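Reading through the structure tokens given below for one structure.
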Amino acid sequence: MSMNNLGIVKRNIVRADEAAVAKLSRFGVASIHEAMGRVGLMKPYMRPIYTGANVCGTAVTVLVHPGDNWMLHVAAEQLRPGDVAVVACTTDNEDGMFGDLLATSFRARGGLGLVIDAGVRDVKDLTAMQFPVFSRAISAKGTVKATLGSVNVPVVCAGALVNPGDVVVADDNGVVVVPAAVARQAADAAEAREANEADKRAKLAAGVLGLDMYKMREALEKAGLKYVD
Amino acid sequence: MSMNNLGIVKRNIVRADEAAVAKLSRFGVASIHEAMGRVGLMKPYMRPIYTGANVCGTAVTVLVHPGDNWMLHVAAEQLRPGDVAVVACTTDNEDGMFGDLLATSFRARGGLGLVIDAGVRDVKDLTAMQFPVFSRAISAKGTVKATLGSVNVPVVCAGALVNPGDVVVADDNGVVVVPAAVARQAADAAEAREANEADKRAKLAAGVLGLDMYKMREALEKAGLKYVD
Amino acid sequence: MSMNNLGIVKRNIVRADEAAVAKLSRFGVASIHEAMGRVGLMKPYMRPIYTGANVCGTAVTVLVHPGDNWMLHVAAEQLRPGDVAVVACTTDNEDGMFGDLLATSFRARGGLGLVIDAGVRDVKDLTAMQFPVFSRAISAKGTVKATLGSVNVPVVCAGALVNPGDVVVADDNGVVVVPAAVARQAADAAEAREANEADKRAKLAAGVLGLDMYKMREALEKAGLKYVD
Amino acid sequence: MSMNNLGIVKRNIVRADEAAVAKLSRFGVASIHEAMGRVGLMKPYMRPIYTGANVCGTAVTVLVHPGDNWMLHVAAEQLRPGDVAVVACTTDNEDGMFGDLLATSFRARGGLGLVIDAGVRDVKDLTAMQFPVFSRAISAKGTVKATLGSVNVPVVCAGALVNPGDVVVADDNGVVVVPAAVARQAADAAEAREANEADKRAKLAAGVLGLDMYKMREALEKAGLKYVD
Amino acid sequence: MSMNNLGIVKRNIVRADEAAVAKLSRFGVASIHEAMGRVGLMKPYMRPIYTGANVCGTAVTVLVHPGDNWMLHVAAEQLRPGDVAVVACTTDNEDGMFGDLLATSFRARGGLGLVIDAGVRDVKDLTAMQFPVFSRAISAKGTVKATLGSVNVPVVCAGALVNPGDVVVADDNGVVVVPAAVARQAADAAEAREANEADKRAKLAAGVLGLDMYKMREALEKAGLKYVD
Amino acid sequence: MSMNNLGIVKRNIVRADEAAVAKLSRFGVASIHEAMGRVGLMKPYMRPIYTGANVCGTAVTVLVHPGDNWMLHVAAEQLRPGDVAVVACTTDNEDGMFGDLLATSFRARGGLGLVIDAGVRDVKDLTAMQFPVFSRAISAKGTVKATLGSVNVPVVCAGALVNPGDVVVADDNGVVVVPAAVARQAADAAEAREANEADKRAKLAAGVLGLDMYKMREALEKAGLKYVD
């Protein structure tokens, strides 16, 4: 067993079940995260680079070094239709590792979007392309191509563990990772969760209080809540 | 006298004078803040979740714990038409404590908006609802309902003291708190301040310098400013 | 030789060649930054206050103190058509030093925009005016006019050295500074760089990999990259 | 009623009861904070400038502007034996507003220490003097004396409301504010809390688990905790 | 397969080989990190709470919620001699989750130290006990015991994946995680790496340049380095 | 004229006058910074890695890339007795670029210390060596040697412009840069400034107020300060 995975490109990865991914794509990040028991979220500094950006696909993971985007070119070749590139960096870095040229290449390979714990550039062009990107920063800072990282090894991206082939879902609420093995289960749970949202919304809109709808009054009283005038 | 206000909901609060609130709603946050002598501002990390969000109303204050939005449900019942919920947290936290369901409930109770020193989610839905929210973060991170906080006690929100019933005004420039007792006075002062802005703008547009319009040259010279070639 | 430049306004500065500025204005910040050898960028916390803001002009530099915008009024008089005000502060500060009134004044003097390592306010109005501003923060916090800084001395703004008369280019990717003496050279290099971008984009869109287009495979192999299944 | 308190020095303030302050000085910040129901803490970025610094006294509050320490000189005159100066700033600022000269002056007036939501300098000298300071930063950055703030008005310092005369307790765990009116009550509660700490410590040292000592097992089981092998 | 690991305590974990742990304890974090190929490091915000703190042991992992330290009590029971508790939180949080009482309990169980991506308190007492703690913050903020997390599930702590039983090594340079399966291999590699450090140090102390000792001159020249006068 | 200085090592630089450096070494950073008119300070995140670290010498400047310390080896050869290495990075980076081996090499060349806008490691060893280092972070993160930067070009380090040969002074208060051309003048001004500090300290210790010693009362009254009871 090797101590580390640097300098490795894994070509054959097991992607999450296509139907499960399709089903997950119908639900929001918040619902999926709640349905999974409130796990799997990336940190909230990961934001879409344009309003309305969203994506759901299978992860091709990339591990890069600060200021070096060499592995993104290596990763392009590993993308298949339906994939989302997920880029982690060995240390905090905001350099602009990705722009409209790489987006063009990723899209040509079938890549659906990018989740990157570093910076990107060409926001205007990426918006025009409607190529969804979730990043920690926007920066014009150029990068070198000098040091090996890896492709399709397990990575920690923005605080979340991502294995190649996992499902990555991203929308206005953030980015959530669904392990491939539980993709179907998570989709079903998210479906169940969203099912009664419309009903709840109607009740709340009619003036019913969450205190009553969720039957919280007894628990609050037991906890010692006091109403005073 | 109790040492702390945890676990308390105060039902009857003295809200700022309605006419004063109405008058304040005509002015911007910067004008009101300047008119009050440059006090009462929340920290600039409090930003609107969509472009154009703005709100002016009386504060129903909420004190919550990190990762726990139980008190927001308790607060919903205390909202009256014209109120803005102002949420402080006992420690720095960015979890997504508020989304479109709570917004629906708040609006049904007459709530005009939310100012929260924590995270929110469902930005897309809240934007569609045009429900103004000012927060420190956007996050899908779900919260529990386990620990008591309080409603309508004095809180420190984003660095500003807010008493229940105070006026809270928020726009593209940030969030300012106007104590209920000086709401009318602040509105009058803001009115006076904005009154001659149009005149100033016209002069500046015509090429008059602030140096001359504000008669700064003498003070600058006295302070020792030197012009060199 | 004076130890410092505080309290000084330099009236006659050597601005970069007009034709070079005009040529630079045709290229993006990322291209210019790359063309110059990846130097001259301000830190990525400098962001446009509205989507689409961009500017290219000659720098009139301003050094201010925290919470004090007096020197911005002094700077207004030094602006000539084609200038961009570049404001550095003696310490980190996010106060709202600039709003629509000063923007009106700057524009009346021929000023094209503002780059400020501090806060600004009136984002809605500045957007309506389409007056491009790049800042570290948005804040309603008012400022005093009490302490001398300087105009047209060398400053460090957001990590970049700016001499008066240098070219400042800002767009969705950030802000780059081009020393006046190399403005023409940088414009030529940026032109050369952008020249073959269309060709590259077409190839990548057709599915050609960067690995092949940039001939990276040999270098990657030499560096030890291993493909595994 | 005035809208703001800028430019005011209140000379006569009601200080917390001397005996209560003396009693509070025997307990730690964590104990007092817990005893008060987990309120009153300043944010954890407030740290002692040397190991072992601690102080307990009555607050003389100071409101200053960024980069301006004029009011600290005004505050020196208001200090009485047993006071601690508590400095809030109208905006985030790390400038070095306080050093060994002001410490000498404060001590000569009976001042016991300083809590400042800004920067200080002369750490080596202050350590040699054993003058306890809790600050957000250490910085050599000099300040001006140009703009009025206030002394002995209510301030928000590092997220905590401080009224003049309140008790401020600071040690290796941070800074807590005890309102003057509940100082005795808080001291008693802290005493009760610390009373059985020795007993708890002995039990835990003997290998008794908190699970048993605090009788948590039932609650954990009810909450659904599962032990697996 | 369960979607998440919340509410679970795994009792039987496979700890890294004892001899490998013992060998690893002889080397520094930087050497081990380098020996492993520069992977496994926690983020540098994880710092020792006192100078000289260091620890090497097998991880008992804990997943907690913000502001809630209930699971630390559950974890105490799972500690065996030679273990280090590694605490991750579901969201960024700096509350003081651990103090001298829990340290006493951990030590009584054989626990060697604590690595926690949250806050701790009682630094003075922990220093007196010489109980090594590496944390992201120091804070007196008290926590509740209300929500289940887990013990001995895989966690991401300060950016590093930690599986129960992995070796955690911490010293003045930071915290590194060594997967149990490669602990021996990492120890051997670290040994090899440190073996010739003394020799290198002697050469450098004698004035030999790294340029020559590491034979860098040719590579630098090839890369285009130019010496000018 | 070249657009950038990447890939260049300047061998002959003009160092500040030796006597001026010697004189500056007698004064503190705060005094020198004040004496120069409050300019030249690096940002306060630059902190000594051990208590008591201080250094005064002539700058050999180094420009590096994130995660790459190759140029530090190149710089070692350019150090002469009395020099301090000043390292700037092209982007924010906290990797551990420097440790006890490089310190041994620098010291063998006559280097007195290091000021680095990045991370360092081996704090314990560097403390034992009493090799003064001022950095933005401590990190075990290893670096590569792959990309050219430069030595002895002008750099912006932690917000301050540093030209090779300038005097760099660092102590518990931070780091200040004195341009070579004004080193003597700054030393004289600092001397004058410190001359009457002892006198001031004695007066303040005797209870004289700064209000009187600095004759501030009239200015405060003119500014509108009001004393109330």
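Labels A, B, C, D, E and F are assigned to the chains in the order they are written; within every chain, residues are numbered from 1.
Following the convention adopted for this analysis, a residue touches a chain if its C-beta (ideal position, glycine included) is under 8 Å from a C-beta of that chain, and two chains touch if they have at least 3 such contacts.
Because the structure is predicted, anything quoted here is derived from the model rather than measured.
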**Asked** Among the other chains, which touch subunit A and subunit E together?
**Response** B, F
**Request:** With one step meaning two chains touch, work out the least steps from subunit A to subunit D.
**Result:** 2
**Request:** Give the rotation angle, in degrees and rounded to the nearest 5, that superposes the C-alpha atoms of subunit A onto those of its identical copy subunit C.
**Result:** 120
**Complete:** Cα centre of subunit A to Cα centre of subunit B, whole Å, reads 32
**Distance between the centres, which are taken as Cα means, of subunit D and subunit C, whole angstrom** = 42
**Message:** If I count partner chains per residue in subunit F, which residues reach a count of at least 2?
**Reply:** 38, 90, 92, 94, 139, 141, 147
**Asked** Which of line, ring, star, complete or other matches the graph of chains that touch?
**Response** other
**Item:** Which pairs of chains touch, using the document's own definition
**Value:** A-B, A-C, A-E, A-F, B-C, B-D, B-E, C-D, C-F, D-E, D-F, E-F
**Request:** Spell out the part of subunit B that touches subunit E in their complex, as residue ranges.
**Result:** 65-68, 90-95, 139, 141, 144, 146-147
**Message:** Per the contact definition, I'd like the list of subunit A residues that touch subunit E in the complex.
**Reply:** 1-6, 35-40, 43, 90, 92, 154, 156, 159-161, 179, 181-182, 185-186, 189
**Fill in**
Per the touch rule, the subunit D residues reaching subunit F in their complex are 7-12, 70, 73-74, 76-77, 94, 96, 99-102, 104-105, 107-109, 119, 121-124, 137-142, 145, 147-148
**subunit C residues within the subunit A interface of the complex** = 28-30, 33-34, 38, 41, 44, 47, 52, 171-174, 176, 197, 200-201, 204-207, 209-211, 214, 216, 219-220, 223-229
